[in-house]
Amino acid sequence: MAKTIDQHFDSLRETRVWRSIFRSGTGSSTLKRALAIQQNVFLHLFSTKVRTRMLSVSATWYLGTLTLGTFLILVATGIPLMLYYHPSAPQAYADTKDLQFVVSSGLFLRNLHRWSAHAMVFLVFAHMFKVFYRGAYRPPREFNWVIGVVLLLLTLLLSYTGYLLPWDQLAYWAITVGSNIASAVPVIGGKIHFLLLGGNAVNANALLRFYVLHCMILPLTAIFFVAIHFWRIRKDGGLYSHGSEPAVVRAQAASRSATEIPGGEKEAQ
Amino acid sequence: MAEETKRTDDVSRRQFFTKLGLGSLSIAAVGTAAFAYQYLEPNVLFEPSPVVNAGKPDRYPLDSVTLDVNSGIYIIHSEEGYFSLSAVCTHLGCLTAWKPELGIIACPCHGSKFSVSDQAKLKPGEKIEGPAPKPLPWKRIWLNDDGDLLVDRSTDVPAMARDSFVRV
Amino acid sequence: MADSKDFIAGVDSNAKKSPRRIVFVTRRTSAQVKVETEDQIQTFPEVLFRAAVAIQVLAILLIWIALFFNAPLEGLADPSHTPNPAKAPWYFLGLQEMLHYFPPVVAGVLVPGLVVMALIVIPYFKVNIEADGLFLKDRTRRLRIFYVVASLLSLFLLFFKVYAALVPTLIMAGLMLFAAQSSPQSRSAFRRYLAGRPLSYWVMTWFLFELIVLTAIGTFFRGPGWSFVWPWQGS
C-alpha cells in the first residue's frame, strides 16, 4: 500500500542518520517536550518548565523578546548589505545609491535595516522603563539591570556608528556634531575625539573605524553581553518569579502576618 | 454530547493548522531563497567591457602575431585574414607568450604549447603539447564603422570558420 | 553513645546521587519542607511559540513599513556645506535640544554621564527596593525636602530659560503634591494609586517625561538655526 507523506516522514525520522542529528525527536509527551529544550544548544538556556504567569503579556509586553527580534532582523539585513558596500569615501555614498536603485531587493533591505534600527532603540528604552516600573531590578537582579544599561549604551553606539555609513549630508554632519560633543569631555576629550575618528575630522579614517565598530566590534560585544543578560535571567529564577515585584512582596508579607497564630503550627514544636 | 463518527480522511484541527503553517512557511522560504539569490547576483559590474578596440588593421602586417597584454588577446594577420585568439592559457589561466623564434605560443606556467599557423595539421590555437585541456579559443573579430578592428572577448567563434576572419 | 542525643542523623543512602546528603534534625524542631506550588507549563511549545509569534508580528510590521517608506538619503557628504539645521539622530535630539541652553560640557558630557550613572546605581539604593508610597511615612520632613528640591530645580531651569524642561518639572511637582494630599484611603482610584508611588517612581517618571518632551521638541519644533518653528512650518 502506498505510504502517505506523513508516513514517509515518520520512517525518515526512524533512520540512523536522522537519529544521529536530532537525538530525541519530536513528540507531544512531556518528556519529548522537555528534551526538545534541554538537548538543544540554542534553547537549553531555558528551563524545561516555566511559571504560567510568565506568559502574560501584561508582565513584560514581550519587550525584551521584541528587542532581540529587532536585533536578529538587523543582523540578517546588515550582513547582506555588507556585500555591496565599500567603506571608503566617497564610494560609500555611490554604493548606498546603488543599493537603492540597482541591486535587486537592495532598497527593501536598506529600508528594513533602517526602520529596525529605529525600532530597536525605541524598544530598548521601552524595555528598560517596563523593567523599572515592574521593579524587576530588585535583588538578586541588580547586576542584570547594570548589564541592561550597558546594552542600552551599546545599542545607541551601534545606531550612531551605523548612521555615518551612507556618507550623505545627514550622516556626515550628525556624526560631526556628535563627535564634537565627545571632545567636550574635560582633559581627555580631545584625545577621545582623535581616537574615535582616527584623525581630526570626519574623513576616510573615521568611516573605516565606524564601519569596523558597527559591523564587528560592537555586534560581538553586544552578543557577549546579551548572553550574560539571558544567563542571569535564568539563574535569577526566570521571569516573574516570586519576590520580584513589590505587589507580590507585600501580599506575601500580609499573608504571613495574617496566618500567624501564637504557638500554632507555623512555630516550631 | 453527540458522538462523532470520524471518517478515515478527516483531518483534525491540529493537523490542519500544522499543514497550513508548514505550507506557508515553505512558500515564504522558497520566496526568500529566490529573492536572496537575485540579490546576490550583481546587476552592475564595475569591470572593463569585454569588447576591445584593436586599432586599424594596417597596424598588423601580414604573418604577424601581436599580443595585447592588457586585454589578453592575440591579433594574428594570416593569409586568410585577421583573427583573434585568447591569450589566456586554458590550463589554469596564465597569460601565454608568443615565441617568434619557435613560431608557437607557449605558456610559462606548465609548458603548454599552442600552434599559431595553419601547418602540421593543427589549426591555430590547438595544443601542440602540455597539460592544457582545450585549445586557445578564437574570439569574435569584426570591423566597426571607423574601420577599427574590434574583438569581443566574451564570444567564442569556431576555429578556421569563414566568419572568424576579418578580410580587408 | 548517650541515649539523650540532641539530634538524630539520617543519611541519604541513594548511591547514585552525589554528593551524599546528611540531615541533622534538632530535637525541638521538625523538618519542614516548603514546597513552592505554582502552575507551570512547558517551555516548548508554550513559551517558544509565543515568542516566535511576537517576533513574527514585529517582523511583519517592520517589513510592511520597509516596503512603503524609504530610508532617507540626502546629497553626498560635503564638508564645506553644513545643512541648516544639522540634526542628530532622533534619539540624540533631546540632548541636542539641551545643547541649545547649556554648554557642551554640561549638556553633552555632564548630564548624559550623570543620567547613566544614576541609572546604573538604581538597584543598589534601599529607597528603590522598598515600595512604599513616598509621602506615607515621615510626611512633613519629606514634603519639606520636596519643596526645596523642586524649587531649586525650577529656579535653575527658569534662570537658564529652559522652558522645555521647566514645564514637565512643574507638572510632575504638581502631581507629587497631589499625591502628598492623597492616601490609600482616598476615594478616587487615581489618588490611591498616586499615594502609593515610591520616590523611584517619581524620579523615573520625571526623567521619562523630560526625555519625551525634549526629544519631541528637537524633532518637530526646531528649524533652521535651531530656531523655534511650528511642526507644520517644515524645517
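Per-chain residue numbering starts at 1, and chain names A, B and C are given in the order in which the chains are listed.
The working rule: contacts are C-beta pairs under 8 Å (C-beta built on N, C-alpha and C of every residue); 3 or more make two chains touch, one makes a residue touch a chain.
Computed from a predicted structure; not experimentally measured.
J.: When contacts are scored as defined above, which chain pair ends up with more C-beta pairs, A-C or A-B?
T.: Counting C-beta pairs in contact, A-C comes out ahead.
J.: Mean of the CA atoms for each chain, then the mean for all of them together: which chain is nearest?
T.: If we average C-alpha coordinates per chain, A lands closest to the whole-structure average.
J.: Let me have the rounded angstrom distance from the C-alpha centre of subunit B over to the C-alpha centre of subunit C, please.
T.: That pair's centroid distance is 63 Å.
J.: Using the average of all C-alpha atoms in each chain as its centre, how far is it in Å between subunit A and subunit C?
T.: Computed value for the inter-centroid distance: 18 Å.
J.: Compute the distance, rounded to whole Å, between the mean C-alpha positions of subunit A and subunit B.
T.: 47
J.: Please name which positions on subunit A make contact with subunit B in the complex.
T.: 80, 83-84, 98, 102-106, 109
J.: Please give the residue numbers of subunit B that touch subunit A in the complex, ascending.
T.: Residue positions touching the partner: 35-36, 38-44.
J.: Subunit A touches which residues of subunit C in the complex?
T.: For this pair, the touching residues of subunit C are 28-30, 36, 38-48, 50-51, 54-55, 58-59, 62-63, 65-67, 69-79, 81-83, 86-92, 95-96, 99, 103-105, 108-109, 116, 119-120, 122-124, 128-129, 131, 200-201, 204, 208, 211.
J.: Mind pulling up the subunit A residues that touch subunit C in the complex?
T.: Those residues of subunit A that touch subunit C are 30, 33-34, 36-37, 43, 46-55, 62, 65-66, 68-70, 72-73, 89-90, 93, 96-97, 100, 107-108, 110-116, 118-119, 121, 125, 128-129, 132-133, 135, 137-139, 141-142, 145-146, 149, 152-153, 156, 159-160, 163, 166-174, 176-178, 180-182, 184-186, 189, 201-202, 242, 246-247, 249-250, 268-269.
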